[in-house]
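Pasting the structures here.
Two complexes follow with subunit A in common, the first pairing it with subunit B and the second with subunit C.
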Partner chain A sequence: MRSGFFFFAGAALMLLGGWVGLPKALYKQQAQPLDFTHKAHVVKAEMDCTSCHDFRQDGSFAGIPRIDNCAACHAEPVGTTANEKKLVEKYVTPEKEIGWLVYSRQPINTRFSHAIHVRKAELKCERCHGEHGKTETLRPFEYNVVSGYSRDIWGRSISRLRRASHEGMKMDDCMDCHKEKGAEAGCLGCHR
Partner chain B sequence: MAAGAKEMNKTNRKYRYGMVIDLDACTGCGACVVACAVENNVAPAPAKVNDRTSITLMRVFQVKDPAPMPARKTVFVPMMCMQCDDPPCEHVCPQQAVELDPRTGIVDQMVQRCFGCRYCMAACPYHARYFNWFDPEWPAGMEQTLNPAVAPRMRGVVEKCDLCHGRFHEAQDRAALEGSDNITYQPACAESCPAQAIRIGDLQNPEDPIQDQIRKPETFQFLVKLGTKPKMFYQSRRGWVKRLAERASPNGNSNRRDA
Partner chain C sequence: MLKRRDIMMLGGGSIAALPLTPIPYKLLDDVSIWTQNWPWIPVPMAGAASVKNSVCTLCRAGCPIGVRMIDDRPVSVMPRGEAPGAICALACGSHQLPWHPSRLRTCLLDGKPAGCDMVVEAVAKAASGGRTVAILDERPGRAMSSLYRRFASALGSGAYTTPVIQETETLEALERLCGGKAKLRFDWANAQTVLSVGAPLLDGWPGAAGLIARRAKGAVKLIHAGPDYSRQAQLSERFIPLAPGSECAFALGLAGALMAQGAPEAEGLRGFESIVTRFPIERASAMTALKPETFNELARMLTGNSPAVVVGGGDFASGPFEAGTEELLAALNILLGSVGREGGIVGRPEWPGEAVSKRWNELPDASVDVLIADRTAAGFALPPSAIERKLAKGAFVVAVSTWNEGYASRARAVIAAPAPMEDWAENAAAGLARWSVAPAVLKRPEGTVRPDEFLAALAGALGLSLGEGFAIEDELKNLAARIHSAKRGEAAGQPVKEMAAAGDLWKALSEGAEWSDSNAAATDLRPRLPGAKPDEMERLLTVANSHLPKSKHEGFPLALLATGWAASGAGAKPPLAMKVEVESLLRRPAGRAAMNPVTANGLGLKAGDPVKVETHRGEQRMILALDDAVLPNAVEAALDGACGALHLFETGPDGTWRQAWARVRRA
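Let's look at the complex of A and B:
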């Protein structure tokens, strides 16, 4: 009787420890090199996503903008924040790229065509990136210590219960939407 | 949603890519083989490899007719995956790592799924498949030249020509941005051939110039009797070259270049 109690108490303790501790052990955090407010750019400066995240002429997606894109407006500070001062002094003036850590970076064997999804299928950016464009600050980048993939690929919730509709960028998440829309892509449609 | 789905499928035009290779134009220079390796991130072969353990997604075979020397003639035959419409490699794969893509007619190799049993290599009548015996290694600095549109493969999986799928992706992106449905592109081999001996086309488009080429009397295919329905066509006005097509191996039992 007593030993049974200790067994189950021990098991419960281990499970609890795993439940609480594993996510902490599985993901490591890394701060972005510079903070960035999407909100100020979208609301105050009235820009939209494609003002900075645009396509190249050849149809490929430029993704995170390069420093000359920032320099077009921020050759000199336009505001008074310390963060902007850092941008101008540390990156724009010496023409140094900012080493952004990309939340939505997929493994190298994955190909995602922004052109097809945004132009042809007319998906909104928010469908996969959520309300990132409304954030005032950049959250720390988190990555899986085993695979090195960004936490956004799996999604915030480890159990994947109660996740937001945009959350998760795994193959299954892509396939759910593809099935719903009847859009077949085949293996090499998204792999390379 | 259902209406939207229909709409989307309607605009997803289908293709059946195939190629025509003019053996009378091919000089055997091997530019296509090099361009292919560069395009598809095939790592330089380690010193220990041989013919069997190295990777060349396409090869140029040198074939000689049986006549004795002064009269002896030579032909060079570029060979890659024939993109069979009834691919034996797909049928045997226990992992479903091979898929004939109904949208492009390209036989996709899913290296992510492959577990390296090599059934497909045994099944392929064209010796178009290669096993990665070693992890790919690039000399320091050379990894800068890798093509970002193609993921390198790892040790233990089989790979083959996928008709430059990275280039197909780029063409697809371009077409989507232009709002067009016309996905045309050149695989690296066709683009690099100085004799323009390799041409790609859409076999199901009646207006594609490849149709005229296919109907020419000098056009033939290799090993059609096996019924794998290859989509690579060859041309030669030389009778003995055409007769090669039904032989199991261009040089009797050996397919070595110098045989």
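Let's look at the complex of A and C:
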């Protein structure tokens, strides 16, 4: 009886450590350099994703907007919030790029073409980025202390079970979608 | 009280539950990623991504490319436009070339780093006193070529020369047979059948991208005849293996087969008939090692799927054909009725600024005191023997080169020219009537000197006046202005005549557009067949009957052929191209000598053996590769950018070095 208790206690501790402790130990948080409300831009300013995350003339994706893009509207403070003041004073006026921490940053051995996925395959931004475009504030950036990857690559759920389509950006997630769509890419389609 | 057994049970329970937690799986995944991302692995700097449209100028195919930039750094090269989804490994890695180990970052004098002024002073001293100065422009037709001409003309005693331009040899032979009435070009866009004799049309030839696209659609049938199973041979629908040196005999045999099917009305037919009669198919068969039926079958293929064109020129490594061979290949086009016909060989307007150049091999032997050899945009292999036989004793050679390889490494002085992507470059192909410009996308290192800067400095030291606008960019703009004022052709899908100003054409060109010329008005070309005059007849028969020089045969039983591709003379290859070559076997890597297994067995050699390939001119150590595709009693020497094995070849007075007799021994 006593032996059984200790055996199950050990098992329970391990399960607790694995499912609860591991994510806490594995991921560290880092604050974004500036808070940003997608909601204000989408709802109030009636902008869509491509207003800032645009495609260049040659079809390639510009990614995170550069400061001159922000400066087009925020050359002067729009509103009185501390964030707005910080944006103008610290970044727009000295023309300094904001060092955004990108939740969906892929490793350097991977290439991903937004143009092919959005324009050709007609995927919605939400398919991979969820409701990020409607958030009122930026959640802290979390990174894996071992691999250095953003937590969004593995996904919020440590088990990777019962995930929404946008939770997780590992190779398996890409391949699942490619299988679902019948899109052949081969190794060099995504890897350099 | 906690007992030892309790602790054991606690540990046992933990271990038993471990597989039920994400710990092993997650940590395994993370650690494997960690091992791929060691902190000391350099990570490319982030920056703004953009793509600059350009053209590849490493060979004369002139494929349209997009150069992907991060801020001001080129990070990759990708195909665009009519290149059908792919560019070669050389172009793919072209952005790596500025960092190539053999890249020169400073000029050299007597093998030591020197400033450009020191080189200029030494060249000026060598050129003073009315000594003969020659310029060898290995890629004529460029804006820089015009500047070389201006310099040579200002010098007075200077000669501007070019090597034999293989791609236009058949056309020039035809132009001569047309009495010089018109300039000609191949109508690749409409040809139905193309017989390439040695010519690597899909592998670095001007306009290769368009031909590759048509081949992929099955719109053109390609037949290749030659002594080696080249990439062109592999990509053609039919490969006709010829005994080394028998191209001329092959042309005469095929001419006989075509005439047997019914010869068209053409001037000089009777004289040509008598050549064919004196060189029957059976003789051609014996010399080429082809069956007589092959000639008749090939003739049926060409006439049955017309318009058909025959292209000579030889491949990049083994150099041009003799003039007689080109004349006979040109005659095949006349027999096929392809001259002046859509899909065959059509007229073209004269290239703006096109001028007849003196060939290097036309200079008297041992006559050049100072040689300025431009190797910046080479692409031809050129054996040292071809250059050295024209040099006077103690001649001063200055090479303008990006790489300290090939002939540049033998020169007394080297001007360190900018690398690809560091300076304006262009693709000008008169025979194709196309022109495109590649802008500089990368800042060149401090110690490098542009060829025009070197010439201007040399002119200053020699007290010459070169006139205003002596710069590559000015010359390029001048050419664009001349094209605009002539209102010829189109660029970026817009006719030039609809462009308001020359600046619009220049803008389109500098953003990667290609200018293509208008077609010439149809002219009555009336070509004559060669052989009308007795001496002409004898000359052609002599070429057809000649093989390799028999006097040098003893003790050297194997026919040595140089093989390579457009980059054979380019000096350096990017690591990516070399990796692809070595690992894929798509191309034979440089430094390999290939033999047929039967020939190798007879010599007691096996694959991988280090061997010495010897000719009368010297020897070269190589690694032996066995290949069923190599003809018996032949050895193929693969060339690299430095053209290492070319010193084994003797160049004839006509500037050809098709084959040499060799022996191969274990090293």
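Heads up, the rule we're going with is that the second predicted complex is superposed on the first by the 189 of 192 C-alpha atoms of A that agree within 3 Å, B and C clash if a C-alpha of one lies under 4 Å from a C-alpha of the other, contacts with A are read in each partner's own complex, and residues count from 1 in each chain.
FYI, contacts are C-beta pairs under 8 Å (C-beta built on N, C-alpha and C of every residue); 3 or more make two chains touch, one makes a residue touch a chain.
Since this is a predicted model, take the numbers as computed values, not measurements.
With the two complexes overlaid on their shared chain, look at subunit A and say whether subunit B and subunit C clash or fit.
clash
Look at A:Asn109 in the shared chain and tell me whether it touches subunit B only, subunit C only, both, or neither; answer first, second, both or neither.
In the superposed model, A:Asn109 contacts both subunit B and subunit C.
More residues of subunit A are touched by which chain, subunit B or subunit C?
The partner that reaches more residues of subunit A in the superposed model: C.
Is A:Ser60 in contact with subunit B, with subunit C, with both, or with neither (first, second, both, neither)?
So A:Ser60 meets both subunit B and subunit C here.
A:Val146 contacts which: subunit B (first), subunit C (second), both, neither?
After superposing on A, A:Val146 lies in contact with subunit C but is clear of subunit B.
Is A:Ala9 in contact with subunit B, with subunit C, with both, or with neither (first, second, both, neither)?
second
Touching A:Gly18 in the superposition: subunit B (first), subunit C (second), both, neither?
second
Quick one: from 8-16, 224-232 or 278-286, give me the piece of subunit C that collides with subunit B in the overlay.
224-232
Both subunit B and subunit C contact which residues of subunit A?
Residues 58, 60, 108-109, 192 of subunit A touch both subunit B and subunit C.
Could you list, by residue number, the parts of subunit C that touch subunit A in their complex?
So the residues of subunit C touching subunit A come out as 5-7, 9-18, 20-23, 26-27, 29-31, 33-34, 36-37, 43-44, 48-51, 53, 66, 76.
For the complex, which residues does subunit A have touching subunit B?
55, 58-61, 108-109, 111, 113-116, 119-121, 180-184, 186-189, 191-192
State the interface residues of subunit B toward subunit A in the complex, per the touch definition above.
Its residues touching subunit A are 1-2, 4-6, 8-9, 11-12, 99, 101-104, 106, 108, 110-113, 149-151, 162, 165-166, 169-170, 172-179.
What residues on subunit A touch subunit C, complex-wise?
Residues of subunit A touching subunit C: 2-4, 6-15, 17-19, 22, 26, 56, 58, 60, 62-63, 66, 107-109, 144, 146-149, 154, 158-159, 192.
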